[in-house]
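Going in written order, the chains are labelled A, B, C and D, and every chain counts its residues from 1.
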Amino acid sequence: MIRAGIIGGSGLTGRELIKILLRHSQATVSYVTSRQYAGKSVAEVFPEFASVTDTEFIDAADKRVLDKSVVDVIFVCLPHTEAMHFVGKAYQKGIRVVDLSADFRIKDVKLYEKVYKEKHKYPELLKRAVYGLPELFRTEISRACIVANPGCYATCTILGAAPALAGLQVESIISDAKSGISGAGIKPTPSSMYISVNENETPYNVGKKHRHQPEIVEALYRGTGKRTDLIFTPQLVPMDRGMLATIYIRLKKAVDLEKVKKVYRERYTAEPFVRLTENISVHNVQNNNFCDIKVEDSGDKKTLLVVSAIDNLLKGASGQAVQNMNIMFGVDEKDGLL
Amino acid sequence: MIRAGIIGGSGLTGRELIKILLRHSQATVSYVTSRQYAGKSVAEVFPEFASVTDTEFIDAADKRVLDKSVVDVIFVCLPHTEAMHFVGKAYQKGIRVVDLSADFRIKDVKLYEKVYKEKHKYPELLKRAVYGLPELFRTEISRACIVANPGCYATCTILGAAPALAGLQVESIISDAKSGISGAGIKPTPSSMYISVNENETPYNVGKKHRHQPEIVEALYRGTGKRTDLIFTPQLVPMDRGMLATIYIRLKKAVDLEKVKKVYRERYTAEPFVRLTENISVHNVQNNNFCDIKVEDSGDKKTLLVVSAIDNLLKGASGQAVQNMNIMFGVDEKDGLL
Amino acid sequence: MIRAGIIGGSGLTGRELIKILLRHSQATVSYVTSRQYAGKSVAEVFPEFASVTDTEFIDAADKRVLDKSVVDVIFVCLPHTEAMHFVGKAYQKGIRVVDLSADFRIKDVKLYEKVYKEKHKYPELLKRAVYGLPELFRTEISRACIVANPGCYATCTILGAAPALAGLQVESIISDAKSGISGAGIKPTPSSMYISVNENETPYNVGKKHRHQPEIVEALYRGTGKRTDLIFTPQLVPMDRGMLATIYIRLKKAVDLEKVKKVYRERYTAEPFVRLTENISVHNVQNNNFCDIKVEDSGDKKTLLVVSAIDNLLKGASGQAVQNMNIMFGVDEKDGLL
Amino acid sequence: MIRAGIIGGSGLTGRELIKILLRHSQATVSYVTSRQYAGKSVAEVFPEFASVTDTEFIDAADKRVLDKSVVDVIFVCLPHTEAMHFVGKAYQKGIRVVDLSADFRIKDVKLYEKVYKEKHKYPELLKRAVYGLPELFRTEISRACIVANPGCYATCTILGAAPALAGLQVESIISDAKSGISGAGIKPTPSSMYISVNENETPYNVGKKHRHQPEIVEALYRGTGKRTDLIFTPQLVPMDRGMLATIYIRLKKAVDLEKVKKVYRERYTAEPFVRLTENISVHNVQNNNFCDIKVEDSGDKKTLLVVSAIDNLLKGASGQAVQNMNIMFGVDEKDGLL
């Protein structure tokens, strides 16, 4: 059994990780930490777990946390700029980590520091960390000590755009991405209130202002060898969970739609969690780990329209984190995720 | 023209008041105060008002606020226990007030202090304040200096129960009331987040624990001369606005349903904002000032089932406040409200 | 392995059954029938199942359907009055059935025929059919050939009321029950449209007019030996799935709340899918098979307030159906359901 | 007073027209027709109008309908391909018409017949009909006998794109438009059910497959003198009403953002119902007739990002229809709409 720890597990990604790991046949939850709730049972904080697990939150300073005889892998659910400190310590202890924060996603330390407005404490580890998108970096993930789990918007856009970027001559990309509000986390803010989200639709941090924009551009480059310009338009729609991106890919020359579909089919045919579909919607990927992709006829031969949908908390966060763990430990990639 | 001021107008009830008064043919907004936004335009805080009004928030300490040559009536939208201080001052200046807080709703000062856990600063004014439910206290409202605008749950339950209590022999009442989340106001809390409210239904402060329970019992007594026991079950449902109560009225002896319907018809036939209906839903009262009431066959001759529905922000707050103003100033009771 | 067939599986209960059985360690789906979709893959109709199962819908007339060498148990998801014909045939073939329709829930054939306005074709089987509420009839279920899976409202109300009815002196019961719209099924109607449900709350078939009312009264009588009067107020709230009932139980004499809580604790302590909780909401039971129950202080010693919550599609339908199957076949009652 | 008739008024646009006209100081509703509800009161079909209006639906064959002594203008809310027959008759009687259907929007009769798969009965009237977008065709509207009220998606996209197309060198346009479900009307379909829309997001008829795509291209050409290619991606989001389009305008050469903003400011400064804003969301335009527009920094100097938002039932349908009526009859363009 893989013994997994969860750091900062009282948020939405922690809750999903617990749910997945309880169904996993080869993994078990060793501990879950929470500064705020240490000493309380998980079921007290998330009552859906009553009669399901009697795990209690412990403090991250507990000595079990970084003890290799207790834990094989640690999922880090701390906020950006805070996570790196813990990841560094785990690395020094030789414990493998899946970091759900952004701290090890961007390799270019200058870029990271510009985007997250914080000096990186472990720039040397950035090179060792692997971007945890199995469809692009499976082999590296299998051997990684630190896996930087991708952002939800990044997962959705990269999976939709990568085959085109790799296989065709792309001029530039627009990703118009709509997300449920759970991506904003569990902390109350004016913009996450029911009266703000319900019956509303709002773009925010558009163009190149959202932190996932440089993450996507860099990961696409590393994954396909091609640089592209990206306009990225994140938007909130009134949903709890789920995300759908309409991706407009401008090509240097006209390409036949059937040829494009073939490129996508070949690229993803062996992937356990990517489905090419003619019927795309958020519903089909809600509460599961799939990324659904539809290649559409844009009506303009020089522009591809690719629609990509995921559950932001699963393939966009905790589901992908467990998929990465499965790859790291050589167990069935789908375990816990179907 | 009636010149109206609004104190603490940057919340949801303030926003509705502004909207109503902009449509009123006999009233005008003299000022709107906000501690937080003084100096900003109303449209900056509520962008829906851009190109509609260029009013700016002023500070409540501004000397115009309590100046009789500037304002004929003041709507007070301050929090409970804070509102009374302002209301007292306005009273001393001889300016009429519609207080949307709970501070002058309960006449029994001991009860008020128990429920709101605060010493009342103006117990002598409690007697002068009139409970602003036009259907029960229209004459008193017309002469009142201080109108205590009822709570939303109280309005919904009292209008549904009063005719039965007044005209039949009632043993006890249960009001099972479902509210949209806007009743909780504009301040972000864990329970007002989209991820908490959406796809959920939760009772809270049930039995006799909600502050509107004693308010309802006392107002029903003053309005009908009859005391009743009340079990009150407030609940949140995933809606922005609107409220519906299913009210179970246990009778001392069996009564024929047609007789009950006649009691309700006679009681409400002349009321401009109460509609007896066979088709009840929150939709029918949303964004208007009506209270819809349906007398149902409970299947048990000793129990009446009365369903009552309002918009919590209109008939349950700002709409009723303007209805009260209209009565106080002798203009058409429906002005601004259709 | 238990080989399970699903009849009429292209609706919401069929979809949930497939999802549960795919996770079940001791059961497998032998076939799913659908008149409309025979020949199509399940994934074509429910795209969420793409890459998860390649089962195809077959026609109910297919000879495998009633073949004991193919199937050990059949879940019947046909409409009321239609289901009985299939159930009768399966019974004659000696195949055990869990019937999710209402056709075998009410034992009193006259009552059934009055409520469902259809002559019952197998009145003699009504006596053999067991009401599939494990908490009241587990032993009978274990031996049953026909299990009549309870209605969602019935499950929610009965589990909330039964311990009081059995252990205390009850005068009458009111159940004020709020349901998500999935209870209305997959067929488009004016009242199931988004524009009808969203931002709305509506009671319907109140008092004794809903078909679950006599079902609840009869099942409570058979389960506790006590008859009670019941006012039942079903309501639609804007949710996909989930249900919460506030149940007012009028007692013949005052009872101490702690004593009541003890009655409930003792009754449910060994039940795998009933949780007594202090924190009740629809969220906690959504997407799981639990019934959460909270005994509340109504403020009136002669009236109990019990709140009961389930997922209408799981504990209220397909989850309970699989729980029943687990009991019938002697496997772990929780298999497939956690 | 302008006497207005409404043909086919039992749908969502009819309901909004009635609501607006009841508030209009210079117009009155002469009649509302409905095949299905003739003889019933409007309040029976739309209970929100109880105690507000006692108008009854009449049949469209009633002789008052086309009687110039009864009515000055007729709003036609019939389905596409059906509306033209009525519009033709009204024209022959010399009664002015605002047609909310698509039948007179497209001038090119061949294009109309290709898109709507129906022979046009009055091709000669196509030339006389004016496209009812006041911001582009106000003068023509003021004199028109037939005003073809634009589609909701068309209004939203054209207002967002027209200033750029007119004032800059545009290469091509992508409009990624998200709509509430009320745009689909009042008739129940699988895709308009609550369980289909809630917690979902789905693109449909993308690229050049939606009927508003050619409408937009043609109207932009007539309004600006410039032809452009358009990829149009309509999407459903879980809202009742409201619409927001993110419009990507590819320029032939880089332009400074401040210059673009100036182009928009100059174009719209005198428009009563277009607001340039820095704070854009569906909420701000819900239940009002404004179109809010934000010019964003896309991060790419050769691509403009313009966000445009309207209420699909108001500025996208009935509000704009009344705005057109106001222009046609020379009354205050804002009457009834604030």
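Just so we're on the same page, contacts are C-beta pairs under 8 Å (C-beta built on N, C-alpha and C of every residue); 3 or more make two chains touch, one makes a residue touch a chain.
Everything numeric here is computed off the predicted structure, so don't read it as measured data.
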Of all other chains, the one whose Cα centre sits farthest from subunit A: B
CA centroid of subunit A to CA centroid of subunit D, Å: 40
Where subunit A and subunit B are represented by their mean Cα positions, the distance between them in whole Å: 46
Between subunit B and subunit D, centroid-to-centroid distance (C-alpha), Å: 37
Residues of subunit B touching at least two other chains: 196, 199, 238, 240, 281, 283, 286
Pairwise touch network: line, ring, star, complete, or other: complete
Residue ranges of subunit B in contact with subunit A within the complex: 12, 181-182, 186, 188-190, 192-199, 238, 240
Subunit A-touching residues of subunit C, taken from the complex the two chains share: 22-23, 47-48, 50-52, 199, 272, 275, 277, 279, 281, 283-288, 290, 292, 338
Subunit C residues touching subunit B - in the complex, by the definition given at the top: 172, 174, 176, 178, 180, 196, 199-203, 206-209, 213, 229, 231, 233, 235, 237-242, 244, 246, 248, 280-283, 286, 296-300, 303, 305, 307, 309
